[in-house]
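Some structures to go through are shown next.
Two complexes, one shared chain (chain A), two partners (chain B, chain C).
Right, the complex of A and B next:
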């Protein structure tokens, strides 16, 4: 589907902007600069404002996703259940550093997903793993490498 | 102890099927509204009379909020918007997720009744961007309700128009703050606005807007069904009804419970959660928001909305029991990380303050605090609490102030770096 086709699915009203951005994000994996201009033109807004909304969001992307997108919750309850060890384990296994994305891997620490009871939580390419412990990390990541 | 009103149909119905909800009496109240048996005024009166208070934490009376918005609309050619805040993202809270996943139609019915009572031009359900499944489920449920003739244009004999749109949010804690949510909906940057003017006067597109929490809205059909007088009998005098509590910590039974407001912390701990696990000893309990701590001495405090003598503010209803084995410094670091990450960066006290607090928390965990950290901490907290634009900065400060009040200066001096500095 082209960008124009996606945009035509939405009435150009401000309340539909987020939905349109989410649709583009899902179709292409990210919202490129060129697409930003298309959206701006369609909604009659300034392109920097669109870009600001994209970068201010935790879900929308302005760059293509890495091959492996890993997220680990490290706030409050998951932290007290030992999510730091999981972050360390992933860092060691993939030789990366959290919150410093490369084109291959992106390990991001995130806030609560509302699954505190099932914590610690690890999300790999959109799949949520519950009650993760450091020993499980290797097995989980093997499915993706 | 548990009192299931809102959650009475959970696990009995299939959340994916509207017929399943209708089989247990769902949409009965909305149909009554559409057929003209329940006037908007009656709905408003019932909600006001029931004493329902905002379940999103602040506890503002819902009926009063509705009246304020209606007042600022009257006599002006303005529209009125109704928004359901489903952007739940506070650590340790998962009540809205359960409502949406177990019974999305109760939320939609509540929102539709609210839109009907307020004669709202449009209703929105703003779902947290991270929770794509919830958004899909709500969108599907809205379509099903539309197919049944419960939402849409020219409904019933009085040709009522009820339009509700689900919006997938940007994702992030700050979008749950009502003015930020409104900004995000009207395609502005996700930043908080100065209050006043409150959204009830100047909200979405400059029109009076009501932002209600998921739990508040889901309660509306139940209140109308049982009647305001019956609903008032549950709970405490000024905090009526039931509340969903998300309980975490080393207790025998943790998870989500629907409990009448006004119960004591002791009842919550022993009658509902079955006490602490074997060999554990309670250090303190955090209720509602970060920094709202209660020790074992205050177990007989009542959990209600107001904060007074022998009262514990309920806030969002999240409860975290902390025992002596819990790594408290790790917990503080977790909170500090959360606040640093989720600060939107609009106002300087919050942007800089949360970052400095994270640095201090990191040093605290390593027992490597500098001597000046203690005085710096006081300064940061004071500025953060007094000058930050939206309540987020105040929450960040409250969490530390709670710890200082609970553990005293010693907790910090013990963690100071040894040797010459």
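Right, the complex of A and C next:
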């Protein structure tokens, strides 16, 4: 499905912008600069504004996904259960820094997923791991490397 | 109109104007960094409140009639209601404002000592005023370990976006306090919309899309409203000083009509003080060899433009209506957004480039000097003139027609660097070779001036007589859009004068639909014309613009020469060099071409 076809599914009204962006994000995995210009032209909005919306969202991406997408919840409950330690462990194992994505790894701290009972929560490439402790991190990541 | 109480005094308030506007109108001192006086004239404050109540400095205490306790909130989105009681100054408010200011400073770079805008910065002056001496929200050096400090630095620097790709505007996100004034000006006044808030929370930033280098019309309004040095003009002071220190180069300076009415503000003079003579002496002390007047080339522009207009009407060789071409930001705006109207723009160069071309051809021949050995500097009220001087059309194989362009702010900075005491300078005059302009040229500084000057000369060209009443009052003023009809012999000329790109866009949209009710359109990209230009001293508010415009028109009343075609130097130049307006030679040296704009950075994915 091309970008034009996706856009034609929406009427060019401001209230449809977010759903259009979600559809593009789902199709391509992220919203590229060229696609941003297409959207801007279709909705008659300025490209910087659309970039602002993309970067303001947790779901929409402005860069292609990394090979390994790791998310660790750092809301209060998971934090009290020691999600900080998990973040540090991942950082040490992959020698990356949280919230500074590289092309290979992307470690992101996210807000609550509503699974506080099972915390701390770690998500690796869309798979949710519950009750993670720092010792488990190595084993989990081994499946993906 | 409502009656509200501010600090136990009664004031008449307009319910559609915020309390901050009222406080400002009555010159009650309230700090603010995200609101700006320029907004009021030009844009409706939208209910979503973009760019509003971001800085949290304009806090006031207020209560309704029915309430007993005072509430504290920002005054910029507080609207008057009957019986409102406001307290604008007290100890608690001062404490809260100080805390908010410290928070802004904590996010700010804190590199004042070697900042471009040091001692010239709105945030810094507020910090002085509120006596901020310690930074409670920034860990002191002894509180953090070396590793933590490194991490903090990494955190800060990894988010930094520096953009110095274009020749006009330099941006550094590290110094940004996210007040979003630039966004507001760019979106609502200029409708170019090249900035937006991006990312969230600690990473939030005001940036272009996908952090691409800025590619806009470079009008520079963002740099004139920025309270810090996050957006500044790209400085050419070093280029100027290098040329001055180079013994082989002859430094020739030209000064724009609107610089002389605003430069005084850089040295805390009243807005609208005419400082032509002191400015010339100051420039000589800065090391300029010769100083010429851009008013002269403004006169030349008028001669060429009036000729072109009459040609367009009579010969119909090019489409009507004709647009003026003195404002490079406007020309760039058409090239970028409305390339179908490029043929409507007058082919005349702007006064800056005409003077640059004259200096490196006519004058260089006259004094028998290689154009390479001349360093031509223009002092302009404009940031976009830097872009114009760097345009491809004005690059000759081994020299540039204008080597560098300084803004009014830069000139003030340069003079302060040289420790020149401006108010004590002696009077001096322009160099006679290319240094005499008429008041018609001087009016280029204000919106409507080009039209007025062109009408005077067009009148002469058509009828052979000068108009009886030289002042065309109907095109003057500072309202955004002015229409007027002028009868010259049996020809009725419909002129439109516009300033601010937002108004210009509205007219071009109408033109696109085929509604055309004018023959001549003057556009200045900045509000108020060059007197409100992007390179003018900060602050620029409607009141200050009015004072500057008044000074410009007062020159017109006092000067003897008020018609471009009567300027003896213009006659001499045409006799010796250009033969006549619109001739082959004039075409070569005074005219240019325009092309649809090709976005360099945006096309790359």
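The rule we apply is simple: the second predicted complex is superposed on the first by the 145 of 145 C-alpha atoms of A that agree within 3 Å, B and C clash if a C-alpha of one lies under 4 Å from a C-alpha of the other, contacts with A are read in each partner's own complex, and residues count from 1 in each chain.
As a convention for this text, a residue touches a chain if its C-beta (ideal position, glycine included) is under 8 Å from a C-beta of that chain, and two chains touch if they have at least 3 such contacts.
All values reported here derive from a predicted model rather than from experimental measurement.
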{"item": "Touched partner set for A:142, first chain B, second chain C, both or neither", "value": "neither"}
{"item": "Contacts of A:100 with chain B and chain C, given as first, second, both or neither", "value": "second"}
{"item": "Partner chain in contact with A:5 - chain B first, chain C second, else both or neither", "value": "neither"}
{"item": "Residue contacts with chain A in the superposition, chain B compared against chain C", "value": "B"}
{"item": "Which of chain B and chain C A:113 touches, first, second, both or neither", "value": "first"}
{"item": "Which of chain B and chain C A:56 touches, first, second, both or neither", "value": "both"}
{"item": "First, second, both or neither for A:47, with chain B first and chain C second", "value": "second"}
{"item": "Contacts on chain A seen with chain B and repeated with chain C across the two complexes", "value": "49, 52, 56"}
{"item": "Complex contact set, residues of chain A against chain B", "value": "14-15, 17-19, 22, 43, 45, 49, 52-53, 56-60, 74-80, 84, 109-117"}
{"item": "Chain C to chain A touching residues, read off their complex", "value": "154, 158, 187, 193-200, 207-210, 212, 602, 605"}
{"item": "Contacting residues of chain B [partner chain A, same complex]", "value": "88-94, 96-97, 124, 129-131, 165, 167-173, 184-190, 205, 246, 248, 254-255, 290, 320, 326-327, 330-331, 333-335, 337-338, 341-342, 344"}
{"item": "Contact footprint of chain C on chain A as seen in their complex", "value": "32-34, 36-37, 46-52, 55-56, 62, 97, 100"}
